[in-house]
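Okay, so chain A shows up in both of these, paired with chain B first and chain C after.
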Partner chain A sequence: MNTTVSNQRTKTYAATRNACKICAPLGASVVFKGVRNCVPLIHGSQGCSTYIRRYMISHYKEPMDIASTNFTEEAAIFGGERNFDTAVRNIIEQYNPESIAVASTCLSETIGDDMEKIIRQFKARHAGESLPDIFFASTPSYKGTHMDGFHAATLSLVKHFASSGEPTNKINVFPGFVSPQDIRNLKTILQDFGLEATFITDYDETMDNPSWYTYKNLPEGGTSIAQLQSAGSAMASVELGKTLAKQQEETAGTYLNHQFGIPKISLGLPIGIHESDAFFKALESLSGKESPAKYIAERGRLVDAYVDGHKYNFGKKAVVYGEEDLVIGLVSFLEEIGLDVVLCVSGGKSGQMKRILKEDIQIKSHTEILDDTDFEEMAERCREIRPDILIGNSKGYYISRELNIPLVRVGFPIHDRMGAQRVQHLAYIGTQSLFDKITNALIEKKQNESPVGYKYM
Partner chain B sequence: MSDKKKIELPDPSDIKEDILAKYPKKVAKKRAKSMVINDPEMDQEQQSNVRTIPGIITQRGCCYAGCKGVVLGPTRDIVNLTHGPIGCGFYSWLTRRNQTDPGPDGENYMTYCFSTDMQDSNIVFGGEKKLADAIREAYEIFKPHAISIFSTCPIGLIGDDIHTVARQMKQELGINVFGFSCEGYKGVSQSAGHHIANNRIFTDVVGLDDVVRPGKFRVNLLGEYNIGGDAFILEKYFEQMDINLVSTYSGNSTVRDFENSHTVDLNMVMCHRSINYIAEMMEKKYGIPWIKVNFIGAEATAKSLRKIAEYFEDDQLKSKVEKIIKSEMKEVKIVIDQVKPRLEGKVAMMYVGGSRAHHYQELFNEMGMVTVSAGYEFAHRDDYEGRKVLDSIKIDADSRNIEELTVVKDETKFRPELPEKKASLLEKGYRFEDYEGMMPDMKKNSLVVDDISHWESEKLIEYYKPDIFCAGIKEKYVIQKYGIPMKQLHSYDYGGPYAGFKGAINFYKEIDRMINTNVWKLIAPPWKNQPEIVAKMADVEY
Partner chain C sequence: MDTILKDRQKQILIKGKDQFQMECAKASLAGSVSQRACVFCGSRVVLYPIVDALHLIHGPVGCAAFTWDIRGSLSSGPQLHRLSFTTDLSENEVIFGGEKKLYKAVSELIDKHRPKAAFIYSTCIVGLIGDDVEAICKKISREKNIEVIPVQAPGFAGTKKDGYKVACDAIAQLVGMSKESKTRPNSINILGDFNLAGELWLLKDYYEQMGVEIVSTITGDGRVDDIKRSHTAALNLVQCSGSMIHLAKDMKEKYNIPFKRVSYFGIEDMSTALYEVARFFSNSEMIRKASVLVKNEINALLPALAPYKQKLAGKRAAIYVGGAFKAISLIKALRLIGMDTVIVGSQTGNKDDYLLMKELCDAGTVILDDSNPMELSKFVQEKQADILIGGVKERPIAYKMGLGFCDHNHERKEALAGYQGMINFAKEVYASVMSPVWQFTKPKSL
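Now for the complex of A and B:
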């Protein structure tokens, strides 16, 4: 194991300057948007919901119906039960949804609104009416980031819905916070293995809609309630994300394991050859089938590309930032292609990222790892380290601009490029796309700066 | 532009009933008052600035958004520190596209997002110490001219006293430090935040620098936020007119300019909703009169420039203004002549802001387009019906929570010559404080909708089948799914500027491009083969 001085921070800051994390109910909203015919409801003042919608819209470029209980000053003092009642009834009236997914805010959590009770009492008051399923995730942002909200929402779903039943051959897949295109790709892969999968949740279609002929106030797609219920009788759960695997607290996968005895397979995000191999191997053993030839070919092409592109990538200094599990996945891939990852940054603070990067990924001894940090600290380090490339979301753009180096956009949020919904990160095919983007960004920079303007680089 | 074609709009009573039918009874009753079928000849009450009904998806933001995001966000020489958990600060991190020109001093903190990022223990034990540390830290790093603190919802609940911390830090650091109690739950929309921002800037900033700046005429432009570079265009006109634009609230602005802004001869108000408070307070305390101006639309710009020149009663100034108008209008006309044949009679709807839904109708009129329905997100009755209703507005519990400052005349800094000038001009028929609101400018039978919801806009789109719909990013992708061009009027769809003459030209071209692009041919709106409700009525020539 490596211990390096460079990971010792010289200074800690009181304020967060340009946060490298977002707030918890946003993560929960992403998960809830992946439930079929579900309206997310954020319990608090309307600003949180409006801001969260605004942010998700600028990334996904889709309608984003997320309701709020619209706290006023009175509600802030006396609790939001009345507002909750009105909100739920209005949502039912307008959307007739199959479920309403509630996420709390810092405000409702500070007041101490007991949501379980509020929901129970709502149901009691409306006994005899046909109500949608209403469930709840606790998502105070002073306790965690958008990823904590994301996982809390996922857990709340399986806790609310999963039930025991005749064992099936289905697989539960917990993909983590990836792109709709990633989910689409994973679905195809599982299908090709002949595996029937329940994605928890499946925001492939709901967050990347085609143009419609008639407007739908709830988009098509998403994980159905029946599917969520059947999560309790699945053959296995596949949970992606290495910090998640090491997490002390309960995850959706561990819950299903304890409650229903469903085996849990924990894997990293399948980015790069090594992690994708692990993913495909897991699918082979789950399905009892060899990887289809199509994927052997994809893998072969990816390795071939690694070799062809090596001369552009090798030794180039990269800085990677974003959600902890995404960073870990990316680093594992970047190490394979010879990029020198000099700095890994996340606003998350699971406390696991460092250890995993050192022990599992066996990152180089000089790589600096900063978790629970912000963009300004990252900028300070970058000014010194002088990386060649940044890999992360749009929020780091200002640093790439200052240093005059390329930024390859991955993760969330991406609001200064088209196609955020369709950025591919996962499996051989996603890695291929990342690989091409990163290598081309480096080539482009070199070409732009060549004094002659060569066409062969 | 003389428009011979008179367009009559259909009576939208049926669609209004249709929409309301879907709501629970009490909700329907409340929403009915927010949807008014307009008659410019008649005084009708437009319900507005009332609470959004929970569960009805609104486009409104919170008080904090109005205070930090809108009013203070575009000011560059101040460190704006959000006191609260991380989201509130993160989401307001330069999302509004306010542009700024830091010039040679380069001082600009707008690109930063500072937050105390409250954690569990801060919520339990209080966050005042963390706040103080964060202020010290910001001072140490940047040595800014001023630092301000913005409270978010949880702060109000745990009871951190940001104003005491501000006072202590002001003393300790020797720079101006002040706080805004703009917790998101206050008021009913961002409007409350505008008011809170106006108040604190007025008490803690305005009047700190008495040095009278050079120039024969000095003015402030209030309520212009330099989205997409609007203020840059206007600044050039003032330069050409030799008017010293001391400060703009708050596009391309500095706190230093605010400090000096009480030395002007005239305040000009663009966005009435967000900034009228400070105009009123400056008049009471310093005697500075204010007029309403509008620089959205070429005709409106010309009118406003003339009005300014008239105020100063200066012939040289008047001829400068005429010169500007003459040369700029030439270009305007060329473009209007190009686009008008393609756009005339097309139908627009717009629901945005606290003044834009009114101002932008001017631009559409100039292209011969018709606004069939419009509304604000967070305006008050006076923005709809005009300031004449101010005295009759009932103060409800939500507004009562927002402090109304008692302002008195500043005996040393008050300038008696200004009210005198005002009195003499009034006699000549010049009008001050003359905002008449949106409704008198809208057609008979147009539908005015306040705080429109998702559901309502969907129904209205199906009814009016507009050629263009203007609102914000939250509506954008809903509207486009219908195959209708959607123009964002908050952030300008990453375009602009649209103010002044040059801006008007940009806008005409943009709308022409949006409506007439080939993309829409690939998406057949569901009513493609149905008759158009408005155009059908539009053939009556007068």
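Now for the complex of A and C:
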């Protein structure tokens, strides 16, 4: 077998047709919404922030206050500094946040706005005033996908805040783009190991707040500035996502490692038993404790479920799509339960997905892998392959509808269902939830298609 | 910390208290979390429902991803408008130009989908990187023998409303292209209805019952060929005046087609929209048919509304929507089911719109232009609204504060226009306001 996996492919069409990705400032906005008392500010046209808000509201079903510097023609010619100044002053006036997180856009980057300088000059002009912390991530949408924006924002946070200090026993957790419920579950797990964790960032509460009654200008929850600062004195960093681990460019984890000597543990998203085992093993070694009985039982129940349901899944053709790290995590799990993953699709272009799936996950030789692609290409392949099930975000619904096959909604976005914030993907508990959903979707399809209908499986 | 920013104070008026002239139709204030989008958005929402055209967005991926299948604009035929095409410009193309990719992308898609026309939207950076989109459109147009229309819509070049004008200019390039020239008797174009949840079909049915011929619908369930012959209509009906008035004026100037502004929301406005057409054609038979239609519809509707009105009487509503015409109609529609409007606002209203709102509302009503979540939540609380009527971005504000919400947005699944729409509206308001869930949203210990 040829060991060098080619990462180059040519799309059938020059145009992107139904993109399987979103733009970088959206990813940055998700990360920034996980910072306590922080207002994200998008340096670009008004539409950038409004579209992102709308997209995120439809998924999280939460107020999503993200400000804009609202470029005018004048700003597009002479630079957005004046608008930045007005925006920051108005945000302070209305929200009084602890921090303002700036994400650049294709517009501001193309005209060459130097954000570092603009922020520095703003601070100089307002010297002596009590200002929120202002920091920035470069997220032009012509560079990568929303995931690149997500990681750029995460890196910008640790670069801005992390400082050295007395070594602590804290763990930095970079969970990747997972659901608020996933973060909540991971927090419980780390707590149960007696580990104090800083989630960077922690949008468990901010993106899934309880009912309020009185409006809050800023949602509750999020990673505090003190926590972000302490990232530089942590005992270790855990960075989830296999493409991230292989990324050439600096990540938040590698930065903390180089700058402060904090050991970095790179793991895949803990989906399925193998990857969850690896995650728990890492926690065992970090905490020096064995996995609590609760999790041994969760794992046991999951194995039990795998056995109970194995016949319904075996050999069923699945198409998995979404962010590269999520796809890799899901495939690793689906391979455990006998589903035949026939096609893996992502709009991401880290160039790593194919190699990781082949070498780390050791997928079957017939599995097709399409990265840097779009939904229309996926649809065309699906019409040929005729899969039994789709697993991915809600944007693939139209394909599942056309082919009359179930879609199990995971990841982001889920715009056509309730509970997107609470979809569980990670660890034994998340895998259990995915397993039940996927198996039941296949059972339901068979039941619906049976000529008699039946009451027992 | 102030909820209302200094530079926005003149965009908020309380009837009976404030005497100043309301400011409006200006760029959103930087840092205010405006609910508006941008020029591109304005052009995109208007052109989107032209179902047999190819819509391709030239720029980085975001704008196309965010507007994929975004409106509930139904088609009775082709579904091409629901696909999202973009050149998805990458860094290299930003540096070396995107013209080649654009040319290839559009040519290939025309070959594949055989659209009746193509709209090529240029977003923020296209002009800045020096792409000559117009020249490429002309070239492809010649080669493929269809109209390839550039839509210059950089987000920063004004407000969402300016995007409406960009869209109208693009449509205007198609108008008059058919060789027909004779004005068709008793015929209209329906401008500014986007066939959300099939609303246009309700309207078409009403007008056809009256013996009116519909030449084109711009842009709901829109067809390129219909637009090309839309200059043969005798009258333009313009709803959503903010978005389509430019086209109506243009057609008046070029083809001498008069226009009337109408709204199809609520009984009053819907009935006026039918009578106006009949009166315009001075056709007694048409007037008779209109009055029979209106009478029948209202006779059926009023008793159906009665139980809702009984329960909803005295409840307070807050309105914050994109177009002012919709806000104005909603005030009247709410009154019909016994409800008071305590807050009313829009993203894109003009001076006259706000004067009309002021006239229609009771003293104490808050009138808002280009508002934001902080203001909306403050006034909703102060005015003790029972329901907020708005779009996707307003919904979580209402829900978080424990009040009802009515979706009057682009993705709605229930028709709210016409007589059928009025009953749907009452049902939706009722279902939200009367839901038992609010018992749990009041602050209370367990």
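Note that the second predicted complex is superposed on the first by the 445 of 457 C-alpha atoms of A that agree within 3 Å, B and C clash if a C-alpha of one lies under 4 Å from a C-alpha of the other, contacts with A are read in each partner's own complex, and residues count from 1 in each chain.
Convention: contacts are C-beta pairs under 8 Å (C-beta built on N, C-alpha and C of every residue); 3 or more make two chains touch, one makes a residue touch a chain.
If you're wondering where the values come from, they're calculated on a predicted model, not measured in any experiment.
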| item | value |
| --- | --- |
| Combined model on chain A where chain B meets chain C, clash or fit | clash |
| First, second, both or neither for A:Val319, with chain B first and chain C second | neither |
| A:Asn96 touches, of chain B and chain C: first, second, both or neither? | second |
| Chain B versus chain C as contact partner of A:Ile356, first or second or both or neither | neither |
| Partner chain in contact with A:Ile414 - chain B first, chain C second, else both or neither | neither |
| Residues on chain A lying within both footprints (that of chain B and that of chain C) | 13-19, 21-23, 25-26, 41, 44-48, 50-55, 57-58, 61-73, 75-76, 83-84, 86-91, 93-94, 105-107, 110-111, 140-143, 145, 209, 211-215, 217, 376, 395, 398 |
| Parts of chain A lying in touch with chain B, wherever the complex brings them together | 13-19, 21-26, 41, 44-48, 50-55, 57-58, 61-76, 83-84, 86-91, 93-94, 105-107, 110-111, 140-143, 145, 209, 211-215, 217, 376, 395, 398 |
| Partner chain C, residues of chain A touching it in the complex | 13-19, 21-23, 25-26, 41, 44-55, 57-58, 61-73, 75-76, 83-84, 86-91, 93-96, 105-107, 110-111, 140-143, 145, 209, 211-215, 217, 376, 395, 398 |
| Complex contact set, residues of chain C against chain A | 1-3, 5-7, 27-41, 56, 59-69, 83-91, 93-94, 101, 104-106, 108-109, 112, 124-125, 128-129, 154-160, 372-374, 377-378, 380-381, 392-393, 395-397, 399-402, 440-443 |
| Contact set on chain B toward chain A in their complex | 22-24, 27, 51-65, 81, 84-93, 95, 111-120, 122-123, 130, 133-134, 136-138, 152-154, 156-158, 183-186, 188, 397-398, 401, 454-455, 458, 473-474, 476-478, 480-483, 522-524, 526 |
